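What follows is subunit A paired twice: with subunit B in the first complex and subunit C in the second.
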Partner chain A sequence: MDQRGRVLTLMAPPTLWLLLLFVLPMGAMALFTFRAGSFGAEREIWTLEHYRAFAGNWPFQRLLVRSAFVALLTALGSLVLAYPLAYYLAFHAGEGRLLLLTLILVPAWTSYLLRILAWKLILGSNGLLNSLLISLGLTAEGLPILLYSPAAVVITLIYVWTPFTALPIFAALQRIDRRLLEAAADLGHRPWEVFLRVTLPLSMPGVLAGFFFAFIPTVGEYVTPLLVGGARGVMYGNLIQDQFVRALNWPLGALMSLVMLVSVLLALLLFSGLVRQSTRVRL
Partner chain B sequence: MPTRTGFARAAFLLFALALAACGSAPPAQNQAQAPAATAVPPAEPSAPAAAMASGGPLIVLEWAGYEDPGLWQPFADEHPQAKVDFSFFADNAEALTKLQSGFAADVVHPCSDYWKLFVDAGLMQPIDTARLRHWPDVRESLAKEGQFNGQQYFIPWDWGYESILYRTDKVTTPPTSWADLWRPEYAGRVAIQDSGSVAYIVAGLALGIDPWNATAEQSEAIKQKLIELKPNLLNYWSDSTSLTQQIAAGDVWVAGNAWSDAYITLQGDGVPVEYITPKEGRLGWLCGFGIPASAQNLDLAYAYIDATLAPESMAYMSNTNGYGAANAKALELTDETLVAAMQLDQPNIIDRTVFYQAVSAEQNELFNSMWAEVKAAP
Partner chain C sequence: MRRAQFSPGALYYALMAAFLYLPLLLLVVFSFNDSPTLAFPLKGFTTRWYGELLLAGELLAALRNSLLVAAGASLVATVLGTMAALALTRFEFPGKGAFLALAAMPLVIPYVVLGVALLIAFSQAGIKLSLWTVGLGHVVVSVPYVLLIVMARLAGFEANLEEAAMDLGESYWGALRRVTLPMAGPALLAAYLNAFTTSFDEFALSFFLTGSETTLPIYLYSQLRFPARLPLVVALAALLIVGSLLVLLISEWLRRLGPPSGKEPAL
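So, the complex of A and B:
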């Protein structure tokens, strides 16, 4: 078999899988946005009504922007925490690196729901954090409640995503040729200059991958806001869910999902373009 | 190697697309409709499932918290080999949607304001009351509520109140009216049910508007009023158990609407709470069981409903939740102080409270679209 044939054989199953279980459902969803209703005769009527409704509904649009902002904070927060972690693993952990890597991922083995509920115990009015602050005498009445706020959502999501963000950064740092670092030091760079001018730029692909890992799924997140977000922490994903499970307005729900998908992709393209340009300049 | 980077870029884009799509379906499910909790009757859990009528488990579409086997113990005793799967909903609109979108359930437990919608949508089948041994004991005034087109579609089961519940140790000025939920003193400490219809009706009562016959302008006023409530809101609750926990933890101080079970539980746990009668009146509800047209286990569905109607099941429900029972015989098994406190011996709550009225399809749509906009508003 020539190389071309081999590639085709290898690519066929995943391509088929993506086509059947991803591209096709996406197409069906896009089609659904033009239907008048979810069932019966209404389903067979084609209309732009939902596009009009969404365009005129500024609370929904505003919430999408807000959710993107929450996702941005989450992704940046995860990066800030994950980078030192990955750096330590790649450069200083030595033989124990595999064990440490496993330990970092251990929480991911427990239920996602359980980990979120744990944060409820920490952030509540009589939670761990407030009890600690009161017993240390730092505050008399404890902080105003942290739970059920956008901040609680961001904190919980940063916790959830940090290990996953660390993985691609770790992989990128791992690949860096150590001789480059020595050369930079030999040429008179101080350690922080070596980091800023050699290590960081070379690990950028990992940082970007980590950023996307956290950012993309968070924009449409609905479980975490439901459990710890409260009334002020409602996100765009919760509204999409409401359209499907409550309002039975599947076309509008599909449209809201589509708008989210397209705007996230546009933002990503723009963002990665900017990053590529800026790294090119620096290199 | 231009082709390779091109391929890599395409692969990345596809991956990003897949990831973005996954964003709306994170690893875990919504708590309120979490993966159906399975309750195996305690009797003989290891008995072969093959002995069952039509193979599959009995599927009960329920409010969270009603999976308690004490509510259907006779069923577990008589059908030890039957498996019962519960699927939960947070409000009537959600149960209606679930059936409309093709979910096959054997028993469903919505409340009377939505009963006609279920029947009109063709989702239910009439019930042969002769197959229910406890049917003759069901109060007639309540039974009438479940009749449509001359047939019995719903079997009334539980009725009770919705009112304001507050922490007496946290709140200095006790609420006396539904309008008090908007009091600045309660900022960030109020919880209300995640339900468009409940929110709409509560806001209507606070404004002095008849929420079931509101004009378009009044509707708009109700929406604005609910948006004004947002600075006071800490959370939307989707099941009574989590509301109870939030009140006990001291997170929620004033529950804008709470069912009486929250009051009974919190009082039993020694949490200082009071359950008021607002000057506009408490809200009153009546719920009951129906059999969806899509039911797969008809015999088991009848057996299950009959078991819930047994006096001991109903008394268990009254004693744990403080709700009234449709079966008149349950009263003698119910705790006397509870009966007095909740006035459970007087089933004419329709006269004493603001009773939930039948909702039309248009109203349901209005409630839901309004609620989405209120939740999305800043």
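So, the complex of A and C:
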């Protein structure tokens, strides 16, 4: 068989798969935003009603912005915690750094739902943090409840995403040619100048990847808000989920999903452009 | 490289490790606590929650469902991802860039969006929700990871071993089977285990695609509403934590493994 035949044989099943279970559903979702209702005859009627409803509903839009803000805080928090970790592993951890990296990643691979549950147990008003403080006699009442707030969502998600964020930063730092750092030092730059002018710019692709590792799943979160967010911690993902579980307004839910998808892809393009600008080394 | 010594960096690492492991450790500790409420101080040691786990029929059914879905979905994902990885790393063909861009898309899309899209597509195609639809969803999110893991491995060794095998009279598929795939074996297994753990733990997508039979994360979620069931959930959590640690350590070890030296391809 010639090369053409080999490529066709190897590529046909994955391509078919991608078209049927990714491209087609995305298209179906986009088209469904024009349907009048979720089921039966209503499903056959075309309308722009949901677009009008979404555009006119200020709380929907505000919730999307708030979810983006929660995701931004989560991603930045994860980056701040993860960068020094990755830096230590890449530059100062010696031979055992891969083992040390693996150790950090292990908790991240255990059940996501259970890690959230653990924080529910820690942050609750009769949770571990408060009962520990009370039994140590530090406070009589315990702290004001942390659970069921946007802060609880952010804390929990920073915990969830920090290890994943460290991974691409570590990879980017590993790739930096150590001779560049020596050259910068030889040119009379102090260590922090070397860091700001060489190391940080060169690690930006990893930082960006890490940012999106945390940002994208968080923007679509609906489980963590349900478990630890309470009424004040509701996110845009909950709104989408609601259209399919309780409100049963699938077309509106599809439209909300589509809006989120477009927003995420736009953010991705925007940030990648910004980072491409900032990766230049200026000595 | 000098050895790691005590330093602010090492201290920071230790603190972060504690931050990451303590919540998990808490779950394990409380799984042995002789009290139905999860609060300090600890009451006493018991294994009764683990004993009760064995009697929770629905839970065991959910566990079985999850294992089935994960085993099947990761097998399909590994096969599809490997086929694409082989073609993408070894051949030039039109549409290659477009395929890669499209295939990587599920990585940058929130699962809730994928869940909504698949739910609508299944509903319009008249496909009833079941463990099958959950499995299909898991394949969609696992293929990109398989693709990346296997491509990285295939890029690590040149095509000339395959060419040598073909010069010696193997067909292309024979060379794949006897040279390329054995050399990429550890990466394939790592990709499979990665897909397996992803599927086994997946909630956000499954929630939209699940029928009357539930997977373990869906079952766990449904139990969280009942405080009386919490100790059981925590005991299960402790088991799952230890189990996934083991799977992860094995897969990490396999990924690090080069082509096994004792099993060089036999031409």
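Convention: the second predicted complex is superposed on the first by the 247 of 283 C-alpha atoms of A that agree within 3 Å, B and C clash if a C-alpha of one lies under 4 Å from a C-alpha of the other, contacts with A are read in each partner's own complex, and residues count from 1 in each chain.
In the analysis below, contacts are C-beta pairs under 8 Å (C-beta built on N, C-alpha and C of every residue); 3 or more make two chains touch, one makes a residue touch a chain.
Bear in mind that the values here come from a model prediction, so they are computed numbers and not experimental data.
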item	value
Which of subunit B and subunit C A:W192 touches, first, second, both or neither	neither
Partner chain in contact with A:L89 - subunit B first, subunit C second, else both or neither	second
Touched partner set for A:M26, first subunit B, second subunit C, both or neither	both
Which superposed partner A:S111 touches (first subunit B, second subunit C, both, neither)	both
Partner chain in contact with A:A247 - subunit B first, subunit C second, else both or neither	first
Touched partner set for A:R62, first subunit B, second subunit C, both or neither	first
First, second, both or neither for A:L10, with subunit B first and subunit C second	second
Broader residue contact with subunit A after superposition on the shared chain, subunit B or subunit C	C
Partner chain(s) touched by A:I216 [first = subunit B, second = subunit C, both, neither]	both
Overlapping contact positions on subunit A, where the subunit C interface meets the subunit B interface	18, 22, 26, 111-113, 126-127, 212, 216-217, 219-223, 227, 237, 240-241, 244, 257, 260-261, 264-265, 268
Subunit A to subunit C touching residues, read off their complex	1, 3, 6-7, 10-11, 13-15, 17-18, 21-26, 28-29, 32, 81, 84-85, 87-89, 92-96, 98, 100, 102-115, 117-119, 121-122, 126-128, 131-132, 135, 159, 162-163, 212, 216-217, 219-223, 227, 237, 240-241, 244, 250, 253-254, 257-258, 260-261, 264-265, 268
For the subunit C and subunit A complex, residues of the former touching the latter	1-4, 7, 9-10, 12-13, 16-17, 19-21, 23-24, 26-27, 30, 37-41, 79-81, 83-84, 86-87, 91, 93, 99, 102-103, 105-106, 108-114, 116-121, 123-124, 136, 139-140, 143, 171-172, 197, 201, 203-204, 207-208, 217, 220-221, 224, 233-234, 237, 240-241, 244-245, 248-249, 252, 256
Residue numbers on subunit B that touch subunit A, as the complex places them	13-14, 16-24, 26-34, 91, 93-94, 96-98, 100-101, 188, 196, 230, 233-236, 238, 249-251, 365, 368-369, 371-373, 375-378
Interface residues, subunit A side, partner subunit B - complex	18, 22, 26, 38-39, 57, 59-60, 62-63, 111-113, 116, 124-127, 144-145, 147-148, 212-213, 216-224, 226-227, 230-232, 234, 237-249, 257, 260-261, 264-265, 268
